[in-house]
Amino acid sequence: MILGKRLRELLKNFMRFGAPRIDVMRLKVAEPLKRLFSPEGLTGLCALSSFIITMLILFFLVQQGLPIIQEMGYWQYGQYVTLLLKEMGLSDYLWLHALIQVNGNIIIGFVNFVSGSTWDPSSYEFGILPLIAGTITVVGGALIIAVPIGILSAIHLSEYCPSKIRNVVKPVIELLAGIPSVVYGFVGLAVLVPYIANIFNLRSGQTALAGAIILSIMILPTIVSISEDAISSVPKSYKEASFALGATHFQTVRKVLLPAAISGITASIILAVGRALGETMAVLMVCGGVANIPPLSLELFFTSVKPMTAAIAAEMGETAVGTLHYSALFGVGLVLFIITYIVNFVADTINARFKKKFGGVR
Amino acid sequence: MIALNLPRKKIAIIIMFILAMVAVSMFIIYPVIYIKPQADLQQSLGLYTGQSSDTINIAGSTTVLPITLAEAPLFHAATGINVQVSAGGSGLGYSNVIDRISPIGAVSRSPKSSELIRASANGVTLHLNAVALDAICIIWNIPGQVNLKLTKEQVVNIYSGVYTRWNQVNSSLPAETIWVIGREPNSGTRESFEKLFGVSATKINQEVTNNQDMVFSVLGTPYSIGYCSFAYTQYVNTAEIANDSGTFFAPTRENIRSGAYPATRELYYVTNGVPIPGSIVDMYIKFVLSPIGQSAVEAAGYVAIM
Amino acid sequence: MKAEKELTAVTKGVGLGEILFSIPTLLILASFILIMGVVIINGAQVINWEFITGTPGARMLYGTPLGLPLSYGGILPMIFGTLALVSGAICIAVPLGILSAIYINEYLHEGRLKSFIIQTISNLAGVPSIVFGLFAFAFFCKQLDFGVSLLSGWLVLGFMALPIIVKSTEEALKTIPKSFREASLALGATKWETITKTVLPVAAPGISTGTILGIGRVAGETAAILFAAAVFYQSNLYPTNIFQPVMALTYHLYYEATTSPFAAVNRPYEFGTALVLVGLVLLFVIFAIYIRNKGLKRRKGW
């Protein structure tokens, strides 16, 4: 026969009436279908949604950011044409060469994009090194302020603080985490910036210092609460043993508890870094927005900077869709996404190791 | 037949799930497959893609923004049309019209050559409708000074870095360094300033992004100089500028209205071609040019053009 | 737990360590009091019935260029806009989030897939909000052609709240002892019945906490709606359909403080807006903390 043996059997099964039949469809299609439409399958689809969202974000960032990367992959050509046009006084026509679709090497383009040291969209210079330097300055400053205060405060809350006061202070610190970032930025703009201008005799108080201070207040709750959890979840036997050997409280904290909780504390710091890197509105309002690489001198924190997030938020409103500037902003977004992904990945790994060691919080 | 052998409850869940998926996909797909009205029909109504017949989206210059915001409630009260207002700079105002995102944009300068080329490449004719008069005022902060008279040449020299101290401008002024404040590159006010005063290269100490910031910075920095639009000059000192024949004029309403002040400019709404009579855009422009609209322009701090 | 005495050092009393270590905590408390104090003191001056229930007035729109005393009006449309955005976002995030957390916690076995999904969720939680805003603009506003609209705002804010709800639901489900599920299964319930009838009601406080924390985060979100959902002013103050933009509290505060030409003139009113925003958000956060503490107290009895 033309039809195969299995197919003939299938047809025979279909044709039978009334008799119990082995239903091939049930085994091959209905079973997985049943599993899909069971509670397990449906909730599994929901769980898949977060993965789909992440992939969608990545897809659109790459799709919209590709033009600038391709353009800069042909860097020498683009740079030459830009210089030529500027020399001839035709800067008005710089946008023309952006129309020319150059399919440059993506890797070279990405490297040029990230390492270019001028960010001047109106002259078609899209190097994001000043933006990265701005982010690093502000986040670094915030960490310098927040990490010591946060860890010491966590030690205080978990070890030294009477529990009645702790029950009041911990919710207050969580309230601090709940305040919207625009309010932080606004209070910084209205109160902190004039204050800094007054104290340090600057023209404008919108500096990296203001950004670092505001950002440090914003990441403190993260550091304090997670570190406090980490220190509290060190098993009591460690403390008991240390006291039994005659150590004072301070020595116990310093030599036993801190080293034991170091994984959790490190995870909290890295999570705080992640949060600080992604912070937009507060740094947008207080950092000044001048895209220059701050000088590595005593003036480092007294110059105006433009972090990556602030650059995107500020310039997106005045960019036309589809221009090279638009694509460059998506490129900055892509770089941000990659950086925060790496930071989160590292934090998760450390967190997992810590949980394995101590089995969760009290 | 597929014998699924499912109890009724599970079948119900499956049916509900399928219905939900269909509903969700209709929700998402509907705007995409929605057949948009013909282009000419839309244009005759002054509509563009993404706009319904009772909305109009006006984005653009922050200088024109107070005017748009003063007109919007009045226009809405008169016609019931929803006016959506946002900022973004004259560059964005032009881009919106050129890329056919909106039929109208607010701009404070005439188009650059690149914008004209892009417009003609897109089949768009940029038509400027002047609705208000504005002036570029030079604002200054010199402690102890009461007034300041400047020629256009002196302003050019200050902004290009030829004069670095106030006593170079005028020997009666103190010998302090001039702190020069300018606007960001996308600013229409900056374009107008550079065109009206003939400034080509600028060497500035500080860049601000809007008129109010400019006023603030000048007020807060001794020995500074800046430029801003007329509507923001209520609390700051303005300089008297000399016209071509050497007479100094202060930027007052009368001087601007009569054209005596030598650095006046017009504020525009840019449209795609002349507004078609009866379209929303035409209604709006006519409203702004009417007595009610012009009094709103005056209330917003600018000078009426009619 | 209460029976165990707190293990402290042998030396009692307030020593140098206690004082030294309490300084950072006091610093944090001081900064909190400072920020809240500034907002409350400056904002309370302008909070009155007209501010909360009125509509935008002349002073908000074009300042006081002629020196005339114009009225600021009120921010009711902005409050409505924020609440509208939040409710839609929660409607998207809560079902998705609870179901995802149920799957992760109840159905998945420990292994690479489970840790991968958990990592994806915490990665989504860490994505900067401005990147969400870019994504919303490119996907919802341009690709799906919703434009700057309430719908785009719902979707992007829902996606931002999703990780929070998943995480807190997961935590809540994890703390329920296995004996609950085992008892229910032993009595003949199916797995799904166990989850919905036994486990979820007990985990309800934790889930509510997560939802309300998610609401708090979404209500205070600016960067995501900056170019996807919000507009500074539209003349019919409330969106008539979901494809129109909204006026939101956070965007209003940002705009008034930075982009608006009249930031200085309207400074007291900006503090008022900040106070309303902080009040709204902190109300949610305090409520969430209260529910969580009540749930914790109940759990101690197990």
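As written, the chain order gives the labels A, B and C, with residue 1 at the start of each chain.
We take it that a residue touches a chain if its C-beta (ideal position, glycine included) is under 8 Å from a C-beta of that chain, and two chains touch if they have at least 3 such contacts.
Treat the numbers as computed from the prediction; the structure is a model and nothing was measured.
Visitor: Figure out the least number of contact steps between chain B and chain C, where 1 means they touch directly.
Guide: 1
Visitor: Ranking chain pairs by contacts, what comes out on top?
Guide: A-C
Visitor: Farthest chain from chain C, comparing Cα centres?
Guide: Using the mean of the C-alpha atoms as each chain's centre, the farthest one from chain C is B.
Visitor: Provide the C-alpha centroid distance between chain B and chain C, rounded to the nearest whole angstrom.
Guide: Spacing between the chain centres: roughly 34 Å.
Visitor: Could you state the distance in Å from the CA-based centre of chain A to that of chain C?
Guide: 18
Visitor: Using the average of all C-alpha atoms in each chain as its centre, how far is it in Å between chain A and chain B?
Guide: For chain A versus chain B, the centre distance works out to 34 Å.
Visitor: Check each residue of chain B and list the ones that touch at least two other chains.
Guide: In chain B, residues 86-87 touch at least two other chains, as defined above.
Visitor: Taking each residue of chain A in turn, which ones touch at least two of the other chains?
Guide: Each of 38, 42, 317, 321 in chain A touches at least two other chains.
Visitor: In chain C, which residues are in touch with two or more of the other chains?
Guide: Within chain C, the residues that touch at least two other chains are 259.
Visitor: What residues of chain A sit close enough to touch chain C in their complex?
Guide: 38-40, 42-44, 46-47, 49-51, 53-54, 56-57, 60-61, 63-64, 148-150, 152-153, 155-157, 159-161, 163, 169, 171-176, 178-187, 189-191, 217, 220, 224, 236, 239-240, 243, 248-250, 252, 271, 274-275, 277-281, 284-285, 309, 312-313, 316-317, 321, 329-330, 333, 336-337, 340-341, 343-345, 348, 352
Visitor: Okay, in this complex, where on chain B does chain A touch?
Guide: Those residues of chain B that touch chain A are 2-6, 10, 13-14, 17, 86-89, 91-92, 95-96, 98-99, 101, 112-114, 118, 179, 185-186, 205-207, 209, 217, 220-221.
Visitor: Touching chain B in the complex: which residues of chain C?
Guide: The touching residues are 56, 58, 61-67, 144-147, 231-236, 240, 243-245, 255, 259-264.
Visitor: Touching residues of chain C toward chain A in the complex: what are they?
Guide: 6-11, 15, 17-18, 21-25, 27-29, 31-32, 35, 38-39, 42, 95-96, 99-100, 102-104, 107-108, 115, 117-135, 137-139, 142-143, 159, 162-163, 166, 191-192, 195, 213, 216-217, 219-223, 226-227, 250, 253-254, 257-259, 267, 270-271, 274, 277-278, 281-282, 284-286, 289
Visitor: Once bound in the complex, which stretches of chain A touch chain B?
Guide: Residues 23, 25-26, 29-30, 33-34, 37-38, 42, 92-93, 95-96, 120-122, 197, 203-204, 289-290, 314, 317-323.
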